[in-house]
Structures are given as structure tokens and as C-alpha cells.
Amino acid sequence: MTSPEQDSLDELSAAIRTFAAERNWEPFHTPKNLVMALSVEASELVEIFQWLTPEQAANVMDNPEVGEHVREEVADVFAYLLGVCGVLGIDLAQALRDKLVKNALKYPTPKPLA
Amino acid sequence: MTSPEQDSLDELSAAIRTFAAERNWEPFHTPKNLVMALSVEASELVEIFQWLTPEQAANVMDNPEVGEHVREEVADVFAYLLGVCGVLGIDLAQALRDKLVKNALKYPTPKPLA
Amino acid sequence: MTSPEQDSLDELSAAIRTFAAERNWEPFHTPKNLVMALSVEASELVEIFQWLTPEQAANVMDNPEVGEHVREEVADVFAYLLGVCGVLGIDLAQALRDKLVKNALKYPTPKPLA
Amino acid sequence: MTSPEQDSLDELSAAIRTFAAERNWEPFHTPKNLVMALSVEASELVEIFQWLTPEQAANVMDNPEVGEHVREEVADVFAYLLGVCGVLGIDLAQALRDKLVKNALKYPTPKPLA
């Protein structure tokens, strides 16, 4: 049985895969190339923020043009993340849930005072 | 009305947000810092692949230890991507669907021969 | 006494610093912003190579236009690397020599057969 | 005739090349792999700064341990930058001088008031 979020991530992942297949991009979409592209898109997101003060960065979505740019770069990162998981056969939602369990052990919550 | 995939991405996003709140990490999780962390995690994924041949990269999940490392880095990228969208109020699934529409115009599919 | 390579790196570093000062960019050139910009430029270099086969990547300088693009991105990485060292007071040549000594201990050369 | 800074960058570049050759790393040091490694090292530098406030980032060298970490990551970026230039036959100092000329046209200095 698959979980609901996996179903829907599968839908988005399938859309990505179809998009690449229709354009004959599959030979280029090797794991090595896709992780490179993922990191490049992450940097394009960083580029938007690099000269902003923390205050300007916090209000970046208030500017419609810059906000749309941020949305596009976030989408590009997500597209390549789904692409990487697609070619490597990784269940992204399950990987995140597993990592949260691992991180919860690594970073325990502060103990409440008795 | 929210779409099913948004519901489930919302669940994962809420889990990320709760995880950070329980550890009092919110003051650090500014947009600027989170996009930096996202790009750093993307590079940690790249690091696994950087010295591999294309063939080795294609078979990276066959090694249980390396495969688990890849799953963890992919999860970290996803966690920060959801974190960025959380603090900026971005609907990640909708951003991806919008970008696919835009990309479909930018990169038309090859015309079939008549 | 400064070493010859430090003298010349100092010259290039001074040129970078003057360039920024003449444009009143100094308030933006904080350490945090400059390391972000450095990583963004490194990714712009990666972007040129991401869809190339290893063979195409090895011959990338044979194409004058692409080769010039590579030279420009390499220069941008160097400019921000010198910028980072400038604001942090790091002697780049000495940092590299120190790191090579450390790496030589970490990665000993294969022992010659007797 | 080579310029003084090129002579010394050549020395550092030759040290990098010898270091790799002595360890039989040359087959791994393809252009594609080296640009990946360069971007990964740039991100390791970013990682040091990602949760720091601008003030903490500005004082990062005051902490001897963190300062040494910064020097090491800066050195790693420089090592791979020289490595990339080495395999691609790029004169790094000349590339930077050419880029500064180009940037000076792109970003003219503010005109002084008459």
C-alpha cells in the first residue's frame, strides 16, 4: 500500500518523466548529470538572495517579479530532485520520513523542565 | 480546493516545520540561510558522484551503503526545499505545475512527421 | 618577506578590491555574501559541463565560444575567491601551501617497490 | 613573456599537478569531475557560514578553529580551480584580467559630479 503523499509525488514525478521523454532528453538525464543540474538550480535560487540583507530576503515575495523568479527556481530544484529520484528508483517521501526519524535521534528535543 | 498532492506535500512540510520548531531552530531558518543550506545539501549529493564514471554513477544504488547515503542526501535537499517554501509561503506543487507549462512553451516537443 | 606568488596574488587581489570600491560595492561584499557568490559562480561553471559527455567535456576549449564562456566563469570564481580572502584577511597562497602539506599526510604517496 | 603573477600561479599549479600525479589521481581529474569537485568545495565553505548572522560571519576568523576551517576550504577551492585550469589549458591570471576589462565596460564607475 502506498501512502497518499507518495501517490501524488508519483504523479508529479511521472509528469517530469513524460516531459523529458517527449523531448528525447533521457540520454542526457543520467544520475551524474541530474545531480549536477540539481545543484546548479539550487545555486540559481541562491543567486537571487546573495546580495540581499536578511530583511530584504525575508520580504522577497512581496515583489511580484522577484517572487515569481523564486517560485520558478524552487520549481526547477524540485523537478530535478524528482528526476534524480526517478532514475535512481528512490521513494522521495519515504526517504524524507526515514531521514526525519534518524535526525530526531541525532538532534533530540530539549527536555522539558519537570 | 487543494489538490491531493498539495495536501500530502503540506503534511511533509508540516512535519519539517514541527521538527524545526521543537528544536528552536526557527530563528536560524531565514530564507537566506535556508537557500544556502539547500545548495549545500545539493552539493553533498554531488560529492557522492563526483569521481564516479557514468557507469558507476548509474549503478550507485546497488551498493547498500552508498545507496543509503544517496537517499539521505536526497531527503536533506527535499527537507530544505520544503523549508524554503514554508517560510516564503510557496505552494511547491503548484510552482512545479506552472513551471512545466512555461517550459512546455519554451521547449516544444519535436513535430511528428506528417 | 613575502613570497613571489603572494606578491602577484596580492596584485590581483588589489585589482579586485579597487574594482569593488570604485563601484561602491563594499557594503554588499560581506563574507557571507561573498561565499554565496563564489558558490554561485562555481555552479555557473558546472552548468557548462552538466549535459556533456566526458569526451565532450574534455574538448570543451576547442569551441571558441564555449571556451571563452569557461574562461569567464573560471575568472569569476577566482575573483570571488580573492574577494573572500580579502575581506577575511587570508593569505591564499599560504593557505594552499599549508593545505598541501596537510593533504600529503592524509593521502601518502604509494610506496615504491624495493 | 609571462607576467610575474602567472609565473607564481604556475608554480602553485605545478604543485597541484604533481600532487595528483604522485597519487595516480589523474584518471579521475577530468574537466567534468574537477568542476564538480570545485563546486562541492565552494559549498563546504558556504556551509561554515550558513547559520551565522552577518555579524558572526564578519568575525569568523577570530575563532582559531573556525578560522582554520575557513582557510582549509578556501585552499581546497583554489586547488580545484588551479586543477580545472590545468587540465583545460587556461591561464587563470590572464582570464581574470580579461574579465575585469569586460566587467569594467559592463559596470561603469559612477560619474563624478562636475
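Per-chain residue numbering starts at 1, and chain names A, B, C and D are given in the order in which the chains are listed.
Here, a contact is a pair of C-beta atoms (placed from the backbone, for glycine too) under 8 Å apart; a residue touches a chain by one contact, two chains touch by 3 or more.
Being a predicted model, the structure only gives us computed values, none of them experimental.
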{"item": "Winner on C-beta contact pairs when A-C is weighed against B-C", "value": "A-C"}
{"item": "Distance from chain B to chain A - Cα centre to Cα centre, in angstrom", "value": "1"}
{"item": "Centroid distance [mean C-alpha coordinates] between chain C and chain B, Å", "value": "28"}
{"item": "Residues of chain A engaged with two or more neighbouring chains", "value": "36, 39, 42-43, 46, 49, 54"}
{"item": "Arrangement of touching chains [line / ring / star / complete / other]", "value": "complete"}
{"item": "Touching residues on chain D, where the partner in the complex is chain A", "value": "36, 39, 43, 53-54"}
{"item": "Residues on chain A engaged by chain B in the complex (per definition of touch)", "value": "3-9, 11-12, 15-16, 19, 22-24, 30-32, 35-36, 38-39, 42-43, 45-46, 48-49, 52, 54, 57-58, 60-61, 70-72, 74-79, 81, 84-85, 88-90, 92-93, 95-100, 102-104, 107, 109-110"}
{"item": "Touching residues (chain side chain C, partner chain A) in the complex", "value": "28, 33, 36-37, 39-40, 42-44, 46-47, 49-51"}
